[in-house]
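Submitted below is the structure of interest, expressed as structure tokens.
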Amino acid sequence: MNPDGRPSRRGRASRQRLLRRFRVFRLVRSSKGPEPGGPGEDEAVRRRLGVGFWLAVIWLVVMAFIALFAPMLPFADPTKVGYSGPREPPSAGAWFGTDALGRDVFSRTMYGARISLAVGGFAIVFGMVVGGALGILAGYFRGRLDQAVGFAFFVLLSFPALVLAILITATLERSLLVVSLTIGILAVAPVGLLARASTLVYAEREFVAAARVLGARNGRIIVRELLPNVVIPMGALTLLGMAVAVVAEGSLAFLGLSVAGDEAISWGKMIVDGAGLRDLQNATHVAMFPVAVMFVTVLALNFAGDRIRQYFDVKELAF
Amino acid sequence: MAPDQTTAAPVPLLSVRDLHVRFPTERGTVNAVNGVSFDLYEGKTLAIVGESGSGKSVTAKTLMNLLPRSALVSGEVTYAGQDVRALAATGTKHFFGVQMTMVFQDPMTSLNPVKRVGEQIAETLRYHLGRSRGEALEEAENLLEAVGMPEPARRVSQYPHELSGGLRQRVVIAMALACQPRLLIADEPTTAVDVTVQKHLLDLLDELRRDRGMAMILITHDLGVAHGRADDVAVMYAGRIVETADARTLFVDMRHPYTEALLRSIPRIDDPVHHRLDPIPGRPPELISPPDACAFAPRCLYAQADCLDGVPELSGLVGLHRFACLHPTGTERGEAAATANRAAGVTVAGLPVTGDPGGAG
Amino acid sequence: MARFLIRRLVLLVAVLFAVTFLGFSAMNFLGDPLFNVVGLMAELDCEAIEAGSAEDPSLDRARSDCETVAEARATYHLDRPVPVRYLLWVGDMVTGDFGTSFQNDQPVAEIIREKLPETLILLVMAQIVSLGVAIPWGVVAAYRANRAFDRGSTVASFGLLSVPNFALGVVLLYLLSLRWQIFPSAYESDSVVGLVFSMVLPALTLGLPLAASYQRLLRTDLITTLQEDFVHMARAKGLPPMRIMFRHALRPSLFSVVTVFGVSTGAMIGGSLVVEQIFGIPGIGREIVTAVVRDDFPVVLAIVMLVACTFVIINFMVDLFYSWLDPRVRAR
């Protein structure tokens, strides 16, 4: 360390200034910027995200809007039995036809977005908060804490995800909160490992060393120096994680182990309802429409997520 | 070595005519090799010398058909009367590796990390010569001994990561020599190994080459490496051969200012202490849409107005001393150009000239 | 090598302990353990029933239930402190005593022995499908990188990765079984051929998305490997392209695939719960779902433990496999 850099005789204000100056370094990331002399940054951004990305985003925004405001939108009552005849093919009245109980498949599919997206969103947020915090602390303090947290993650990952989910949902009431928490717990270990790995990288960088030399406390270093850098790779993987969570909820629902009750409409539940051999043979639409909508949603999450991941130059992660 | 033009000329082992290699990239087409021609005779060594980016490695890879699929190649490469590119295109067996083969720059990466050293050598013997596994491994051990590997019997069953850089390069050489090729292309074979081992390896290569009557193309950025080992030298710049001659002529009586600059930029054992090396001013040339001019002109102390008007042709006949320069060093035209530039303090391409450019002549 | 093995073994044992402890805790602390074992019977007031008239026939059933409860207390050591209980329970598991199904009094070990083969066949077939599809697919895509086939296959694999496997199962069932009638729609066990044939669709359902992810990883790694000097060297040695691909490039490119192989086995075990449900395969996946729905805790816990331990052991073996793939790992 350059002895001039020592803040011993300087005032607090100038130390703050120095800290701020060092923070500029962390904006220089490994991700490749636009080529010098190439097109401007705005254009480069748009070119790299591509049309497909925006299509995916539009789909997701529409689904999110429907999920939020479904009761206020002019959909048929999704739980009303005998809305028209059972297993009616798609028509102008019921766009996706009706299911074995004569319920409107279109309306149910739209309502199904509510649980899928709520569980997916909650789970990934939970995973990021808990896993992220544990990962950063483990990566920053190392030592015993790191070993303990690392071992806990390892144990969590030792359960096949769906099996761990079953273990939890089997013992508790299957409410929306329990299902969301269950899938959130599944997200803790992968997200935590990512946070820990990025923390390890950044904790070695000059701006952290500089902050420490300048007398910043651990808490300050973690919140001001590390967190913003670790949140970037974590955030870049949010949508991909959400895709995994949506599929996990679907699988639980398919097994009849997601949120209980007739009111709780979920894509997985709808698909299993229409997956009986007779329904599949004679009323294919009952299963295929929710399959299609779910597929497009997961595809959109994956596609947009993958583009964002590439954009921030984060490595692919196996969940 | 220039063949005797008066008697019937022998057929060269390898003959390259007007070779062009271009790579389409996002930023434009890279003209990596622009009309390279040379002959190589049985048992001779040709050194191709140039800075990185001069096209020497691309030339070598073209000969071995190792370029990426996207490369656009034109020109003629004949090996003992056969069209090499046609041989490669039809997937002819037992040509590469048996007739001609190549040694790469970095022994750390040119060995497969997950296979035992012996197996990697034996592999060619088994594939090309149909040896059994046992025979091939035995032969591999002999080859390792021939390239001066200590304890060859033990090395056969070691993995590359267990060997030092110098030893690995011996393995690579043994691997290349396994099927007694008639032509070996050595692409900077010693650049990546310790300085202390470099001379040793070069001498070994030279000795093996002489014992086996093998021809060699030695690619290097270091004229010093070529000295004493090459029969002929070709100096490349910006994808062109700018000067070629037999080694003695080239080192004593060079004509191209680039050759002169290269020679001046390497330290020599007989330099006085604290002798200042003269680095070549400026940067290597642009290979994407190069100007229609001598590519070296912006860095050349002899550059005149006519240098910026068209690419100079390589003078003379194949096999003789040839150079592509309008104001060659060591000639009156060159002297005049240098004097004029010194007087002006700047060359026509804008390069400042200060003091003594090196007292040509 | 020996030290490496010992370190891995210690970790293996530690993780197995943690996994079993977690499973045990879930059963003992999420809710009343007695309830988890015997269900509603736990709420019987046995003392009152015992005190009641011995002749009262209406209490006969209650009395036998109370016996069951007392038996369960003994079997699951519910009268002992928790750490002792855990150790005793682990001891039971290790000696093959997984308890008795609450549903039909069948020993859980027997149930597992009965159902496990089906699931194993399914998992093995699925891995064969995924590797069998992914390796040629990845090799061809990498060999002709960025050509039409490669671009098409990138899109295809991305799509496959986005189909939840229950959805894929339903679609395959509809198309290949109901619509085109190539494969049977339900499980058959009359003959080995019939069994394998009826497992094709389930194996495809599990294997295809996995093939897509293997393909992506393999393609990326192969493209990198094919640019390595040692591949150029192999070409300079005059070896034919496919020999270079399989003898030189493939093995060093398998790292990501092998890593994911371990992880994906977990995903596959999860997937088998769903797939066995769709295709009516009487495997342990279906058994555990039934058991969860019926609160048949001994069965749930035993299967979860079995699956988690298998998964841990598979990942342990994957670690060992690395050292075969890359001798440099052994040196570490």
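Lettered A, B and C in written order, each chain numbered from 1.
By definition in this document, a contact is a pair of C-beta atoms (placed from the backbone, for glycine too) under 8 Å apart; a residue touches a chain by one contact, two chains touch by 3 or more.
Quick caveat: nothing in here was measured; it's all calculated off a predicted structure.
In terms of which chains touch, the assembly is arranged as an unbranched chain of neighbours.
Top contact pair of chains, counted by C-beta pairs, is A-C. A separation of 24 Å divides the Cα centre of chain A from that of chain C. With centres taken as mean Cα positions, chain C sits 57 Å from chain B. Only residues 151, 154-155, 157-163, 166-172, 243, 247, 250-251, 254-257, 268, 271-272, 274-275, 277, 280-281, 284, 287-288, 291, 294-295, 298-299, 301-303, 306, 318 of chain A touch chain C when the two sit together in their complex. Residues of chain C that touch chain B in their complex: 228-230, 232-241, 243, 247-248, 251-252, 325-328, 331. By the touch criterion stated above, chain C contacts chain A in their complex at residues 14-15, 18-19, 22-23, 26-27, 30-31, 36, 158-159, 161-167, 170-171, 173-174, 178, 185-186, 213, 259-260, 263-271, 273-274, 277-278, 288-289, 292-293, 295, 297, 300-301, 304, 307-308, 311-312, 315. Taken in their complex, chain B has these residues touching chain C: 61, 64-66, 91, 93-98, 101-102, 104-106, 109-115, 123-124, 127-128, 159, 161, 172, 175-176, 179.
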